[in-house]
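We call the chains A, B, C and D, going by the order they appear; numbering starts again at 1 in every chain.
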Amino acid sequence: MMDMPQTFRSRCYRILEGIHPPGVTGRVVDALLILLISANVIAAILETVESIYAAYGPSFDRFEIFSIAVFSIEYLVRVWVCVDDPERQDQTPLKARLRYIVSPLALIDLFAIAPVFLGLLFNVDLRWLRLFRLLRLFKLTRYWSGLNLLYRVMRDEAPTIGAALFILSIVMVLASGGIYLFENKAQPDAFGSLPEAMWWTVTTLTTVGYGDVVPVTPWSKAFGGLISLIGIGMIAFPAGILAAGFAEQVRRSQKLYRERVDEAMSEGPVTGEMVAELEEARTELGLSEDMASDIVRSEVARKDEDAYCPHCGGPLPRGDR
Amino acid sequence: MMDMPQTFRSRCYRILEGIHPPGVTGRVVDALLILLISANVIAAILETVESIYAAYGPSFDRFEIFSIAVFSIEYLVRVWVCVDDPERQDQTPLKARLRYIVSPLALIDLFAIAPVFLGLLFNVDLRWLRLFRLLRLFKLTRYWSGLNLLYRVMRDEAPTIGAALFILSIVMVLASGGIYLFENKAQPDAFGSLPEAMWWTVTTLTTVGYGDVVPVTPWSKAFGGLISLIGIGMIAFPAGILAAGFAEQVRRSQKLYRERVDEAMSEGPVTGEMVAELEEARTELGLSEDMASDIVRSEVARKDEDAYCPHCGGPLPRGDR
Amino acid sequence: MMDMPQTFRSRCYRILEGIHPPGVTGRVVDALLILLISANVIAAILETVESIYAAYGPSFDRFEIFSIAVFSIEYLVRVWVCVDDPERQDQTPLKARLRYIVSPLALIDLFAIAPVFLGLLFNVDLRWLRLFRLLRLFKLTRYWSGLNLLYRVMRDEAPTIGAALFILSIVMVLASGGIYLFENKAQPDAFGSLPEAMWWTVTTLTTVGYGDVVPVTPWSKAFGGLISLIGIGMIAFPAGILAAGFAEQVRRSQKLYRERVDEAMSEGPVTGEMVAELEEARTELGLSEDMASDIVRSEVARKDEDAYCPHCGGPLPRGDR
Amino acid sequence: MMDMPQTFRSRCYRILEGIHPPGVTGRVVDALLILLISANVIAAILETVESIYAAYGPSFDRFEIFSIAVFSIEYLVRVWVCVDDPERQDQTPLKARLRYIVSPLALIDLFAIAPVFLGLLFNVDLRWLRLFRLLRLFKLTRYWSGLNLLYRVMRDEAPTIGAALFILSIVMVLASGGIYLFENKAQPDAFGSLPEAMWWTVTTLTTVGYGDVVPVTPWSKAFGGLISLIGIGMIAFPAGILAAGFAEQVRRSQKLYRERVDEAMSEGPVTGEMVAELEEARTELGLSEDMASDIVRSEVARKDEDAYCPHCGGPLPRGDR
């Protein structure tokens, strides 16, 4: 964190992008933007109710224009200030801005406003425009630190979840084939073809069970019961995979946090800045305060007591910690 | 645990607040209160059945008056005796009582009786009063030690569960938008607006699947099947998060219990009091008897074998093992 | 395992109670009994279908008489031979038999035949007698080694599961109260009282969702959606608790198996009998063959390489293994 | 990997069986086969829709003939080249081919084409033939590396899952018996016999809840609510078992990968080939890149710091860390 001159642009950067620790202005701007995004999505939902839109249509339209204006300004300011990102210091301003524009968060911001401007140019169905506004919900991603952990678990477990989905699709195709054979004659309407039979299979395997299509002959009921039982496995597999994934991430986060603590302690007396950095690391890694303080406590204890033999002063082996 | 003079108030405190180990009177009072609370909730439920209330109305009313009397006395006695809490010894009686009154358990006790007295002052709908009596169920919280563990898991996993809920709400809004587009024309009644479409989405994503609203066109069935499959993930995520959370708490409880055992062992010969304290710690930490005895056994073994420096033969400190 | 004289009774004991390793006769007797129990339950189920009973009634009755005869003989033989149980060697025959009779497995065997004999003495409804025969399914418990693990997990997690059930019952009572308030006027039939409202709540919280009772007003739909979402938590909690419980049991089993392996290795050269005992321990502890061989391999490696410094021959510390 | 002469047959082997790292031709052939298999299954599904088959029947038939030709050639080529498998080098060509033919993957390939040839010989129902084509989906198993992990978890947890299924079947039989007693008189159609009652039980215990059969009397509703709650357990058990199983496999994979890394490091400077082998091991073991790099990093650190005897300073063996 180099000491950069506090130009207006860099102040904007610090306010919008939430340097740690965030100042009061940064918090207020964040809160207002979160509020505006939420209000936007709620408005887009409520507008589809005809009676509400008939009564408050003009207000909704004014609120939409106001929101578009704010989001457009926000987008432009973010593109303007992104060159103050310490990680982009070594890029030319143009390159830094182009790179920022194609970053995921910036694309989300763009998609939140682009449909409206496209709608002005071309003749787009109003209903589609309204639904595109629901995508503004993605703008909240920026403010949610817990998503990191979920993303890491999803990424690490992707091959296993893919294999579970492959098994699910095999089961779904075979179960549809089976129920098609069993019920085709009894209910030619609901089970007249494999795609139609798949509707029953998917609602059964996911244990949704609407009941709009139900097997009626004894044998297909027996087969349907079997598929329901297999459906339990289809839920248990992803739950088990994700459970192992989360447990692994917790272990990994604890290890990374321990390394950070070790590093901080090896640099001499602990300063306020280091505490703030550790706190930021803790939030990023998704560790609870209890876990973090346990780790700090145990590292302090280890450093004090365990590195040297208290009797002869010789270094002690550490085991596999 | 200082040796306080056994005044009547401190006796009441010991009986009501369940000092470990609880005496016979304490157990009996606890059992009677649990019975009364349970009977109260069952009565409040049964009273809403008209035929039952018509037949036994006066008995219900008498039971209610009796319960209110008991709960009011219980509340006043608890406020009176709370100054005997060893943790409040250093506060003035008034301050101790005011602090107790705003503690969660005391507020639950207050909410269990307050609506009735408010009902006497103002003209409150009888049905609301009856339903407020259901809140008396919370009075049982006091007697349930396993809740600690659930609370700790919930608190530690709150950010991750929050992120999962954020994803859930994104999925829900987008799925509602999708089904609204697909089914709006086919079923203008059930999918006439986004809020109405959300009813289908929530029953599908949670795999409840009442079947009162079901997609009927082929494309929306395909979309509905996709949403059902995503619904599996919406169940698997919290299950996985909580599984990792419980596993982490178990590990943490074992570590804390190990430290307690270490401490107890380092204080010389183990006394009956220490055993009682360890047993209390075990219950609080939510460890099973098997786990606890495993830990004690391994600590004893470690003390015997592992405690000497390989260099000079002197006893070693333990660190965070 | 003392070398007892092979009397007829002790031979019967070995055949029926499955001494490890079981002989051929023991396996055949086990298989025949499992077959008979399964056939009995299937017969009890099929008899309730009127058309089947009308056609094959006498055959069913003959099969029942035959089964009762076999199960009665089995029960008497088990009571007769139980004195050969090595663990009962120090009891008098009478005491050993009385103790055996009140053991859970013996009581299950008794309940499998007792209703029939009671039915001969008193005039019992035939339908009840038939359903009591379903309890014979419990006789299979004896042959299922994996149940140990499930039982241990259930026992260790009982307090936590109890707390989850307590929260579930609070949620259920409050949700019933809420939907009762919201829907009572719109659907006085389905939500006329709290017990009736509970039917909707339980089918929603467990995500069964029959759809026979569904909220219809907008506010109660919103409330119902909220309850559905909470229902996900009600499924995720037990799944998470059990996942942590199973993980803990696996860790514990591995530790116990490691101790057994250590013990076996410390007794000098490994004999065939020791291998058989380890194999039995493995099955009892519910470890997979991979896990067991991993443990054996690592213990052998540790014994050979790690106990002494290869350079100076001094004993090495072990860390926290 | 001996350096074998690049005959045409061995080239085919390398292309079809995907030697690591796969060449460009191998990747293209794999992609084309995956595409063809997927198109086949989709075609088999769409053909059952009468309107589609009426319109495009001949095209479907031509595509089927083309697919059969390709799959037959693929099968014959695989049988021809299998003798180039390094693991079959020591078998005579005939024996190698016979062994290959009865291997699971070859049998899947055979079942994908055999029904058609049988259909030419005998007069088989066209509908059955069509459904047999769905089994071609299994041909994709060959290309899915994540399935290994799922298979290992299933195999290791089989006894525990078997025990859970045993409990499930006991609960199902007893619940069917109970609801049969409660509802038999009120709904003689839906609950007229135990097998019919089982349909309700299975849809309730699996939380599918179609709602085609629902208890109507108060007592059977109370009983049904209880069964729904038990149904939560029936989902939570397999989820918990699989979660522990996946966690165990992750731990085991990390250990095996650590051993591989150790081995690689002990053989002197790391070569590109070793990196490729480690990468292959990582994919096979189902480890994420993060986990793998963590392990490599910690092993490197350990090698540097931890490898010397605290007594004499000599390098130490590693044991099972």
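Miscellaneous remarks
We take it that a residue touches a chain if its C-beta (ideal position, glycine included) is under 8 Å from a C-beta of that chain, and two chains touch if they have at least 3 such contacts.
Note that this is a predicted model, so its numbers are computed, not measured.
Among the remaining chains, those touching subunit C as well as subunit D are A, B. Comparing the contact residues of subunit B and subunit C by number shows a mostly separate set, under half of all numbers used being common to the two copies. Chain centre most remote from that of subunit C: A (centre = mean of CA atoms). If you average the Cα atoms of subunit A and of subunit C, the two centres end up 40 Å apart. With centres taken as mean Cα positions, subunit B sits 28 Å from subunit A.
Looking at subunit D, one finds that residues 195, 198, 207-211, 235, 239-241, 243-244, 247, 310-311, 321 touch two or more other chains. Partner subunit D is touched in their complex by these residues of subunit B: 207-211, 239-240, 243, 247, 310-311. Of all residues in subunit A, those touching subunit D in their complex are 152, 155-157, 159-160, 162-164, 166-167, 169-170, 173-174, 176-177, 180-181, 192-196, 198, 204, 207-211, 214, 218, 221, 225, 228-229, 231-233, 235-237, 239-241, 243-244, 247-248, 252, 255, 314-318, 320. Of all residues in subunit B, those touching subunit C in their complex are 41, 44-46, 48-50, 127-128, 131, 134-135, 137-138, 140, 144-147, 149-150, 153, 168, 195, 198-199, 202-203, 206-212, 234-235, 238-247, 249-250, 286, 288, 290-291, 294, 306, 310, 321.
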